[in-house]
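Heads up, the next two complexes both have subunit A, just with different partners, subunit B and then subunit C.
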Partner chain A sequence: MIYSTLGYYSLIFGLVISLPLFFFSTKNFKNQYPLDFKIIIFSFIQLILVIISFLGLILSFVYSDFSNETVFNNSHTTKPLFYKITGTWGNHEGSLLLWLLVLTLFIFIFLIKSEGLLKKYRILTLLFQQIIIIGFFVFLIKSSNPFNYLIPAPKEGLGLNPILQDPALAIHPPILYLGYVGSSIIFSSVLAATTLNYISNTWATHIKKWVLLSWVFLTLGILLGSIWAYYELGWGGFWFWDPVENVSLMPWLALTTLLHCILVLEKRYQLKSWVIILSISTFALSMCGTFLVRSGILNSIHTFANDPERGLYILTFLFILILISLLIFFIFHKEDKHKFNSFFLFSKETAIVINNWFMMYFLAVVLIGTVYPIFLEVISSENISVGPPFYNKLIIPFLIPFLIFMAIGPQLRWIKTRLEKKLNLILLFVISLLVSFFIIRNLDINFLINTVLIGSALYLFFITIRDFILKKNINISQNIAHFGFSLFILSILFNNFFSSEVITNLKVGEKFNNDRYEIFFKDLKKFEKKNYVSFVGKFSIKENNKESNMEPELRIYNQPNIITSEADIKTSFLSDKFITINTVNNKEYFNVRYQVKPFMIWIWLSVLLISLGGVISLFKKYYEK
Partner chain B sequence: MYGRKVKLRFFFIILLLITLTLSIFLILKSLEENVVYFKSPTDVQLIYENKNEKIRIGGMVKKDSLEITKKEVKFIITDFKNEINVTYSGVVPNLFSEGKGVVAEGFLKDKNFFQASKILAKHDENYMPPEVKEALGENK
Partner chain C sequence: MKKFSLFIIILLSLNINSSQADEIELQNKITKNLRCLICQGQSVFDSDSDFANSLKIVVRNKIDEGFTENEINDFLIQKYGEWILYDPKFNKNTYLLWLLPLLIFLLGGAIIFKKLIKINK
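Entry: the complex of A and B
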């Protein structure tokens, strides 16, 4: 009780702090003095208050204080302590509080780290950020209060959805939020810089850090969600083109594009308006994601409550923000006419711009695929769904030129490049195509497109490796990230081509046979655990006379009463073996799914490599003198 | 003659327009081909035509209709007005059972038989696919 009260009041005070912040900022904005220290102090106080509020919620969860509605809805006394804590952000109210926490944290860091930049710019960024912060404060207090009372306090809570009780998912929201919210800083900063006509090479260098930071976190956040879906949902895939996944992919695509444009702005002072638009859309897409996911329009595990009021609030708020940013863009943004830098056809910036177009195309595909069904339902009340074939068909062919430009781009120089010396690039491409030809030759798949696709991925793969070994003064972060991407595409493709699976229904003691596998359901054991009963199936699987034992599990949780399948996964360097079992209406038969998925671990590793590229770039001071 | 700058800009805008139209055309065409419509068993009875098109059927798994063999699962989807027989071989989601909502994706063999290639998972007890809710709500 005490913790909830504490949390609630610090939340209110946190909102009130915005007042002096606004007051001192506007005063300081007009006068001649350097940045008022009071602004930083108040910003710090606001941060502390939100932290206290967040801690209040965590403690309510830890002590299972069921007089708090949020705790009652999402916790249970038998839940392990770790999941009591992570349950704090495993629900709508708590996750919004976390969002707010990151918002205040980031603006505080921004204020400290932006020392030496224009004072007016720093203050204006703070003000824009405060608008967002106030929006979230009001939203939390008004329609998603995490500290609502329940009187009398219930004895027991409703429990956290078991599929959320998982280490990967415990850290997935915070990491993803760091990425999402990081884009809010970029948003505020871009608006401030546009208003002050401050967009310049210096500004680009400074904001690049924030772009990189949010990009790295967003990448890792999506990766964690994907890994979780792989082993917890038991479908054995890593990406389903589910709308909920798509809404996180869209800001990622925009952010990745922005990351590359910022470089052009920094080095060549071009693409200014493009950078502004991308920054605004990244944030808008992040907010859109929140809206779609939270409003209950997209049904999924992320939909904590189907409350139309909440959706409407986020939508209105988002609409206002976009309106403000568009107004600022059209009123204040001026193209400087005198500074026309010519664009040459063979240059690094051309390659970046071309790939920008592809990224925007991918973004459009994902956006339409996600939003179209919603619109159609509103207009004609017809229910449709858009599945993987749509995305595969539209995205895969365009990956080919995308990969090729990704390989060639870094070979070109800024401004202008001579092409005579680049013959070996073509030679390398031919080699890649040949290698790919020999891989594809014996497979029963569409020959032409797959040869070219793997060929281009290999091309990027070879070029990045060649640069890594031979070139002096390479841009290591770019090299690693691009290498990671080629590895990513290759692993996905090979994973697709060489995966095999067996789906069958078996009773205990039965065997399944086909020409490759023999699956024997040996035994089923029952264990009582703290908050669930577990059934472990013992299987022996024979493949090419090699026998392995696997033990998939079924868990029946007590509160809420839910069955989950825990896959047994044997990961090795080259492939994953994946098995899940499931009951069908408590009959004797068990639904068994056994999969062999090659290069699974390489998909995860390659994404890690991609983000490593971002991390290196973040800590590197200079490159390309 | 126009200057180089104007020409370049003109060229750029043309290129932009072409890409835009091309991508919108591609996306729309692909949407048309790959969209999966959702029907309730009643819809199927009313407007059945064998188009050999992938659809989704949603409703409730009828009580005592579930049969399971080594190869496949058979059950009946009902919306309390009409029913449809479903055969399915594949992964059965965790919360699939009699008397619960279900969405099956696949092809109609005729008015009464449906060959499912996928059964959609519900994530938890409280959550019901919106389509199912709607299909059941209309006919209860």
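Entry: the complex of A and C
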């Protein structure tokens, strides 16, 4: 009880702190003095208050204080301590409080880290960020208060959805939110810089750090969610083109585009308006992500969090923010009159513009695929589903030129490149196609498109490896990220082509045979755990005379009463073995699903490599030519 | 003669086996493209719910009756609506869905091309 009260009042006081912040900022904005230290102090106090509020919520969860409605709805006394804590952000109210926490944390870091930049710019960024922060404070206090009382206090809580009781998913939201909210700093900063006509090379170098930071967290956040889906949802896929996955992918695509074109602004002082538009849309997409997930508009596996009224608030809030940014863009933004237009056809700039062009197309596909069904339903009340085949058809063909440009782009120089020395690039492409041809030859798949597709991915793969050898440390971060991407595409393609699976019904003591595998259901053991009963199946699987034991599990949770299927996965460098069991109506039998998935681990590793590129770039002092 | 008939029988059974494998493959292909209506974001192929299992049987029977993939899809759309297909059909409801991304791509290309031409002049 005490922790909830504490949390609630620090939230109120946190909102009140915005007043002195506004007061001192506007005063300081007009006068000649350097940045008023009081502004930093008040930002710090606001941050501390939000932290206290957040701790209050965590402690309410830890002590299972069911007089708090959020705790009652999402926790249970028998839940392990770890999941009690992570349950704090596994729900709507808590996750918004986390949003707010990161918002205040980031603006505080921004204020400290932006020393040496224009004072007016720093203050204005703070003010824009404060608008967002106030929006979230009001939203939290008014319509999603995490500290609502329940009187009388119930004896027991409703529990957390068991599929969310998982280590990867426990840290997935915080990491993802660091990425989402990082884009708020970019948003506030770009509005401030536009108003002050401060968009410049210096500004680009400074904001690039924030772009990289958000991008790394967003990438890792999506990766964690994907890994979780792979082993927890139990059908062995890792990306379903589910609307909720898509809404996290969209800001990622926008941010990746921004990451590239901000380089052009930094090095060549061009694409100013484009950078502004991208920064605004990245943040809008991040907000949309929160809105779409939390409003329950989407029909998806994530609809455990829904409430249309809250969605309406976020939507209105977002609408106001976009309106403000559009006004600022049209009133304050001026194209430079004396800019030196030197965009040559064969230059790094052009390559980056082409990258942006494709990225925007991918973004358009994902955006339209996600929102179109909603609009169609509203307009004509007809329901359609947009699933993986749609995205595959529209994205895969475009990947081919995209990969090729991705390989060639970094070979070009800024301003202008001569092409004479680039013959070996073509040679390498021919080699890649040949290698791809020999891989594809014996497979029963669409020959032409796959040869070219794998060929292009291999091309990027070879070129980045060549650059590791030839250029050593020059541009290493970019090269690692691009290498990671080629590995990513290759792993997904090979994973698709070479996967095999067996689905059958077995009871204890039975065997399944086919020409490749022998699956023997040896035994079934029952265990009583703290908040669930577990049935572990003992299987032995023979393939090529090699035998391995696997133990998939079925869990029957007590609160809420839900059965989950826990896959047993044996990971090796070349492939994953994946087995799940499920109940069948006929009680003695279990539905057994065994899959062999090649290169699975390389999908995760390659995404890690991609983010590693971002991390290196973040800590690197200078961006080399 | 006996050997010959044995050979024929083996040949036939092999044939049946391979056509069975084809049928299963077709069934998987179709069910992967169907939404399990009572699940959340799962295909019929991936789901183990009663609905998905009965739908697998329906698809299986239709294949046995000699229906093609398209005919089976049409049959299911009639019964459950377009909501069930993950691969939306190209019709008056979905012209924009399919074409808008491509139009955006062309438009973006046109803008870039125009700028490049203008600058290089």
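Basically, the second predicted complex is superposed on the first by the 613 of 625 C-alpha atoms of A that agree within 3 Å, B and C clash if a C-alpha of one lies under 4 Å from a C-alpha of the other, contacts with A are read in each partner's own complex, and residues count from 1 in each chain.
One rule holds in what follows: contacts are C-beta pairs under 8 Å (C-beta built on N, C-alpha and C of every residue); 3 or more make two chains touch, one makes a residue touch a chain.
Bear in mind the structure is a predicted one, so any value in this text is a computation, not a measurement.
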Clash-or-fit label for the pair subunit B, subunit C on subunit A: clash
Touching partner for A:372 - first (subunit B), second (subunit C), both, neither: both
Partner chain(s) touched by A:354 [first = subunit B, second = subunit C, both, neither]: second
Touching partner for A:591 - first (subunit B), second (subunit C), both, neither: both
Which of subunit B and subunit C A:505 touches, first, second, both or neither: first
First (subunit B), second (subunit C), both or neither touched by A:389: both
Contacts of A:163 with subunit B and subunit C, given as first, second, both or neither: first
First, second, both or neither for A:560, with subunit B first and subunit C second: first
Which of subunit B and subunit C A:240 touches, first, second, both or neither: second
On subunit A, positions contacted by subunit B and by subunit C: 235, 299-301, 303, 343, 357, 361, 364-365, 368-369, 372, 382-387, 389-390, 394, 582, 584-585, 591
Residues of subunit C touching subunit A in the complex: 33, 35, 40-43, 46-48, 50, 81-88, 93-94, 96-98, 100-102, 104-105, 108-109, 112, 115-116, 119-120
Footprint of subunit B on subunit A - complex, ascending: 161, 163, 233-235, 299-301, 303, 340, 343, 357, 361, 364-365, 368-369, 372-373, 382-387, 389-390, 393-394, 503-506, 510, 512, 560-565, 580, 582, 584-587, 589, 591, 593
Residues on subunit B engaged by subunit A in the complex (per definition of touch): 5, 8, 19, 23-24, 26-27, 30-31, 33-38, 56, 66, 68-73, 89-98, 121, 123-127, 129-131, 134
Residue numbers on subunit A that touch subunit C, as the complex places them: 235, 237, 240, 242, 299-303, 341-345, 350, 353-354, 357, 360-361, 364-365, 368-369, 372, 376, 380, 382-390, 394, 398, 582, 584-585, 591
